[in-house]
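By letter and in written order, the chains are A, B, C, D and E; residue numbering begins at 1 in each of them.
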Amino acid sequence: MAELTTADIQSNYLAQVRSKRIMNTILLIVFVALMASGFATANDRNAGGFWNGLPMLLDFPGDVISEAVERAHLLPGYFVKYLPSLIETVNIAGASTLLGGIVGLVMSLLVTRGLAPSPWLVGPLRRVLDVLRAVPEIVIALVLIFILGGGPVPAMIAIALHTVGALGKLFSEVNENASLKPIEGLESVGAGWVQRMWLGVIPQVAPNYLSYALLRFEINIRASAILGFVGAGGIGYDLRNTMSWGQGKFDEAAAIFLLLFLTIVVVDQTSSNLRNRLTHGSAKGEIHA
Amino acid sequence: MTVMPLQIRTAGHFQRKRMMSFAVPAVILCYFAYIFVAFDIGGLAERANLQNARTLVSDAYSYKTHVTRDNRDGSIDVSIEGERKGRYLDGNSPAWVTMGNETVVDLGNHHIVTFRETQVTYDIPGYGLIVTEPGRSGVNAEFPTNELPDWINASKNRVTISTDAGRLTVTRNRSEVFRYFLGWELFFFTLDSPYHGMALGTLLRHAVHGEAGAIWSEFWANKMWRHGDVAWALFETILMAFLGTFGAAMVALPLGFLAAKNFSPLGSLRFAARRGFDFLRGVDGLIWTIILSRAFGPGPLTGSLAILLTDTGSFGKMFSEALENVDGKQIEGITSTGAKPLQRYRFGVIPQITPVLLSQILYYLESNTRSATIIGAITGGGIGLMLTQAINTQKDWEEVTYYIVLIILMVMLMDTFSGWLRRKLIKGDEGGH
Amino acid sequence: MLRIDDLTKAFGRNKAVDAASIVVDKPVMIGIIGRSGAGKSTLLRMLNRLTDATSGAIMFEGQDVTQLRGAAKRNWQSQCAMIFQQFNLVPRMDVVSNVLHGTLNRRSTFATMFNLYPTEDIHRAIEILDRLGIAEHAPKRAEALSGGQQQRVAIARALMQDPKIILADEPIASLDPMNAQVVMQSLRDIHEQDGRMVIANLHTLDTARRYCDRVIGMRAGRIVFDGTPEQLTTGVARDIYGADETFSEAATSTEIETLSEEVAKLADIAESV
Amino acid sequence: MLRIDDLTKAFGRNKAVDAASIVVDKPVMIGIIGRSGAGKSTLLRMLNRLTDATSGAIMFEGQDVTQLRGAAKRNWQSQCAMIFQQFNLVPRMDVVSNVLHGTLNRRSTFATMFNLYPTEDIHRAIEILDRLGIAEHAPKRAEALSGGQQQRVAIARALMQDPKIILADEPIASLDPMNAQVVMQSLRDIHEQDGRMVIANLHTLDTARRYCDRVIGMRAGRIVFDGTPEQLTTGVARDIYGADETFSEAATSTEIETLSEEVAKLADIAESV
Amino acid sequence: EGHAIDEFRIGILGGENAQDRMNSYECLRGYTEEELGVETKLFAPADYNGVIQGLLGGTLDMAWLGASSYAAIHIQDETAVEPILVKINLDGSYGYHSIGFARADSGITSLEDMQGKVFGFGDPNSTSGYLIPSIEIPQQTGASMESGDYFGEVKFTGGHEQTIVAVNNGDVDGGVTWADGQGEWEDGFNSGALRKAVDAGLVDMNDLVEIWRSAPIPEGPVVLRSALPQDVKDKMTALVDGLYDADPDCAYGVAAGETLGFDPITHDAYVSIVAARLAKSN
């Protein structure tokens, strides 16, 4: 390589700066144009415009809150009334996270190169995971409601399937970072695949798995509440029925909303504390005995 | 030192480990048992309607053509999926329907249904001839056997015969035959289109001869499958995700500074911002949609704003965490040159957090495509609404399948796109634009 | 009892082991020496069936080991223990569990998944640890032990397999001289007391000379020397290592001891600054 | 020109700098030495106004620097460049941009927000980089450079400020001896050729001796020595470092060089095995 | 009141495929655009509540509501909308029925047989799917509609279609949906949710039996937002009123079936529905 003079470096650098500046400007313009035209399109396709609607933003919450405040004394009764629904929602999330986590765990081991017992299955199974992740829960739930009828089971299956996809991928990323040495050690003693995975991989990755599963549980609680909206049971279903009744049942809607919101916040906080502890050490004692 | 005590201690230790390793699966099993009871999964087996499942699956890859006779005026109507849009125009009919005084419907495999003046007959190979006579007094039917097989459902006023070849329903007013075919009929062109039934080669020839635009618009405006509308709906869904995600990012960035320990001037302000984020996140996007629909009405803007609100909560939290983790050395380096506060943020902070923020935003773009589908299903619009409606009206499962496939492709596409963008931007980025 | 015939392993066009033939008729302690990349590890890994051979055969007591599949292969692995340079233990599990992993092949998958090891196995594991002088660490996690201790746990796991052959792939390369000596002595003891065959890849000439009954030299995948330690002259060593005149035996081995000591000393000084 | 009067900085009850007074009447190169925690960094940071003084004054050309606020303070900072032990560059931005940060105080906020710098500034930045021998790295990201190169980028940024004073807080503490020498020589050159005042905190006695015109010793926040390098005897050093009889000058400095050389040599030998 | 408008927005109530609804209203949209000279848009939210919120918030200008949905709006804001027209059946009446039905093979033939069984409503905002049966059935059974009181369990299925499928599947033992009550049971009556299910081949009416029928329910009104300028209201009233005569095909689509057109109506026709709804509120 020929020696560059300072002047060369200067002009090269200036050229580079200029082209970068042009690139950035184009990027910025494209982004701004996309945002602006996107907003304009959405605004145009909407029944009410953004600016007209802004002053009315608080009308609906106002209605709900004023009715709830008016009949505040009834709220505790509603809490009790809807507790079973809440438990159902949490159970849907819990069962589907567990189920999805267990299947996702197995899937993740099957799709991690280096761990998979049959390498030719890795590609196809990964596509399966991609598809499972891509399908919104609501799609599966609606179809299953058609076959199985309403209730918690379609929601559970729908969320579990999505969870398999999501956790399967995250777990396999964790697996990729697991050290292969212990696994080779176990292989050298003649351990089978299941033994290698269970004794060699799982102890290494368990804290990360748990952390991801907890995060998924948080997400799944929301998902299960949402699926209630389409008839899959749980508290979402009650919320939808009272909300859409409108005035006259807003107090119940408010109570249900509070119940759900508090649950989400509590689960969020607890799980993020737990996750922090899991990923930032202090995970003393064997997670996996 | 003898190892005896150690051996005994270790054996005891293993006893405890054994208990532990059984305890975890046992707890999980107990929970599943509880769920089994609480969700009445046992009763599900009998409630599950396999007939529906079969209908769904077979309808997903096949279509049915209805041949309907109005028993009062004798008029006959042949239409695909029994829809007006799929109706064979007067005088036209598929080859297996022979119109005339006696209309003969050949269901294949020697299954023949004949509409006569006053009678409707169905000749079933291996079973015999069924003769029905719809009239004022009901549907009088004669069957070759006394004992009716379970694929015949007959009452005084209605007879339904379902075979592998098709299905015949006779009531006092109407006689109707369904014949099932594989495939998604009329997917490209409806019956009234000049291009219907054209072979690909012919079509291409037409296209080359300047009809490409016409062919495209015939396809795009297909009344049965409405590809144009579906494309709009997909676009609307992606639009909601796009506006919501990037809008939220723009709102959350300044708020993130407010909530970050090392940038927020006031403790109370920080606390308020954090609780605000928790609230925005805690109330799900779906509920935001309902709340917003009073002010903004139905439409994609409402969906976008709902996503924007929820994600402002998520991004605010993540951004403030990213800001709390910034390296003070760079900021100090910039400060020591006498840089103004804005310059300090621009060069000390922004270059550090852009990769983190960008990757999080782009990750959300994909997941919001799914959220937008759901939000659309409940109020907004877009492909989610089309899907729910198609499922709720419970016909045309091929349409449902079409939508599901499109949704999956859309989400996977957004996933690929955001992944690509993430790699591209974070690698080549020189500190944001 | 062990007979290796024309064993070859090719990675693409590169032959890691090239037509190696070895005959061993009684349990001896064998050291394999050679430069980095000579194919020592690959040879051992083929013996344990961690790597499949490209061609050739490994006959052990009349059976062709390279042909074994599934359970039979795993059964062979359980008879032929392997010790690794990096110990390859499960770091998050306790020492006894790691030792008990030596019995995995004999126990049902279900039992091992739920820690259902027979009490006598547990007792034996402790005895083996005691024999290797690390019984008091039994309840600790493997990762909490020093390198030398971990390697002894690995040896304990190997012994737990009650193997006919112990393969050791540079067992002392990541250890300091003190620990290296302990580990090599343990292997020697096992060979002498239990009469097990030991095949160890060794980086250093003098270790091979000191502990082995027979030394095999490899170079570029081929076996270029096979004889007693006495036959291993500096000339031969120069041949194996492909070194030129400047080759000093010291550079391959004892130097390590001096070196690490030196460095440790220097580090101490630096720290005290 | 620079006069520090009774400058004190207290963190809670702990006085990091305790009534320090220094008078400098012409641009010299000053080295400040002292143990870790002696208050060297705090003193420099007060000079640059990164930290506010608790009491006392810093007079520069008749102006009390400690009283400056807002734009005036930032203006002072731009005249008084600072170099840090950890370089404190923006690692994701290219080298030239980092150097151009030295002009931030002079340019409008708006222009700099969009990375719009005048062409002559860019030319000058590259000239400065050339002077420091790292012009060919100009378009690279700062993080892609070695420690010594990064420190030279930091010096380039300082020069870009065209400052009256350059403060350097242990500029060579994270560098290897080779790079340390290059960096110190650059500072010395700048001092000699441009006639700028340089004040450097140094960890090692001999560096201070070799490169500085004047050495200030600090101990527990107080200035305990202020004189020429020649006046800095071992006894005085022992005083500054608060060391007892076993204090060997070598332990504070040159040893580092020998040590690393030694280690490098040994590593070479080890590698050649 | 009285500001000129710059666009006109028509809401379409849930129940049918969104795109189908849009398509059948397309002709009305064209006429409106012509008549008012402003851009006209159609909106088809997923459920009743979407339209209700739109009318309450003033983001929709016109919709054809169910009686109960109209009552819901009226209760929340008396001044939000005013009813203008109602659809007339072929026989000149303007009502329909809530029909209770069960599976034929379940042996249930009347409400009495439903005691202790699972009962399914549709959408809580539906007149025939919830409001009217929830008032008339207790009058007949003498017990409330609370789960466990008379019926073993009372559920909302979410909509008419879901109720039919739920009953057909045996998910619920009996349910209510809407039908005009004319024509024959085997065909699923002349119009209504049952008829659509039959036409789609979803259910076989032989498998179902009628177990209950409500008193006639007034058809829901076409409403206009009250705040619209008077001339807009007049024009739209005239347009929809004359739709049947001007374009019967369009009227068929808009009215979702055979009709004799629309007749004027006032709030008075819905007083009892409002009362019923108030009675069901807390």
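Couple of notes before you dig in:
In the analysis below, a contact is a pair of C-beta atoms (placed from the backbone, for glycine too) under 8 Å apart; a residue touches a chain by one contact, two chains touch by 3 or more.
Just so we're on the same page, UniProt names per chain: A, B = Phosphonate transport system permease protein; C, D = Phosphonate transport system ATP-binding protein.
Values in this document were obtained by computation on a predicted structure and should not be read as measured data.
Here the chain-to-chain distance from chain B to chain E, counted in touching steps, is 1.
Fewest steps needed to get from chain A to chain D, stepping only to touching chains, is 1. Should one ask which of A-B and B-D has more C-beta pairs in contact, the pair is A-B. On a Cα centroid basis, the chain most remote from chain D in this structure is E.
Rounded to a whole number, the gap between the C-alpha centres of chain B and chain D is 63 angstrom.
Between chain B and chain C, the centres computed from C-alpha atoms are 57 Å apart. With centres taken as mean Cα positions, chain C sits 47 Å from chain A. For the pair chain C and chain E, the distance between C-alpha centroids works out to 82 Å.
Under the contact definition stated at the top, the residues of chain D that touch 2 or more other chains are 115. Counting partner chains per residue, chain A has residues 46-48, 53, 56, 59-60, 146, 149, 230, 243, 286, 289 touching two or more of them. The multi-chain contact residues of chain E, meaning those touching 2 or more other chains, are 9, 11, 43, 47, 49, 53-54, 56-57, 59-60, 158, 162, 165, 169, 171.
Touching chain A in their complex are the following residues of chain B: 16-17, 20-21, 28, 31-32, 35, 38-41, 44, 47-50, 52-53, 56, 236, 239-240, 242-243, 246-247, 278, 281-284, 286-287, 290-302, 304-305, 370, 373-374, 377-378, 381, 384, 387-388, 391-392, 394, 400, 404, 407-409, 411-412, 415, 430, 433.
Contacts from chain C toward chain A in the complex involve residues 48, 50, 73-78, 81-82, 84, 86-94, 97, 101-102, 104-105, 109, 112-113, 115, 141, 154, 157, 161. Those residues of chain C that touch chain B in the shared complex are 96, 113-117, 119, 122-123, 125-127, 130, 135-136, 138-139. Within the complex formed with chain E, the chain A residues making contact are 46-48, 52-53, 56, 59-60, 63, 71, 74, 145-146, 149-150, 230-231, 237, 241-249, 251-252. Across the complex, chain A meets chain B through its residues 20, 24-25, 27-28, 31, 34-35, 38-39, 41-43, 45-50, 53-54, 56-57, 59-61, 88, 91, 94-95, 98, 130-131, 133-139, 142-143, 146-149, 151-153, 156, 222, 225-226, 229-230, 239, 243, 257, 261, 264-265, 268, 286, 289.
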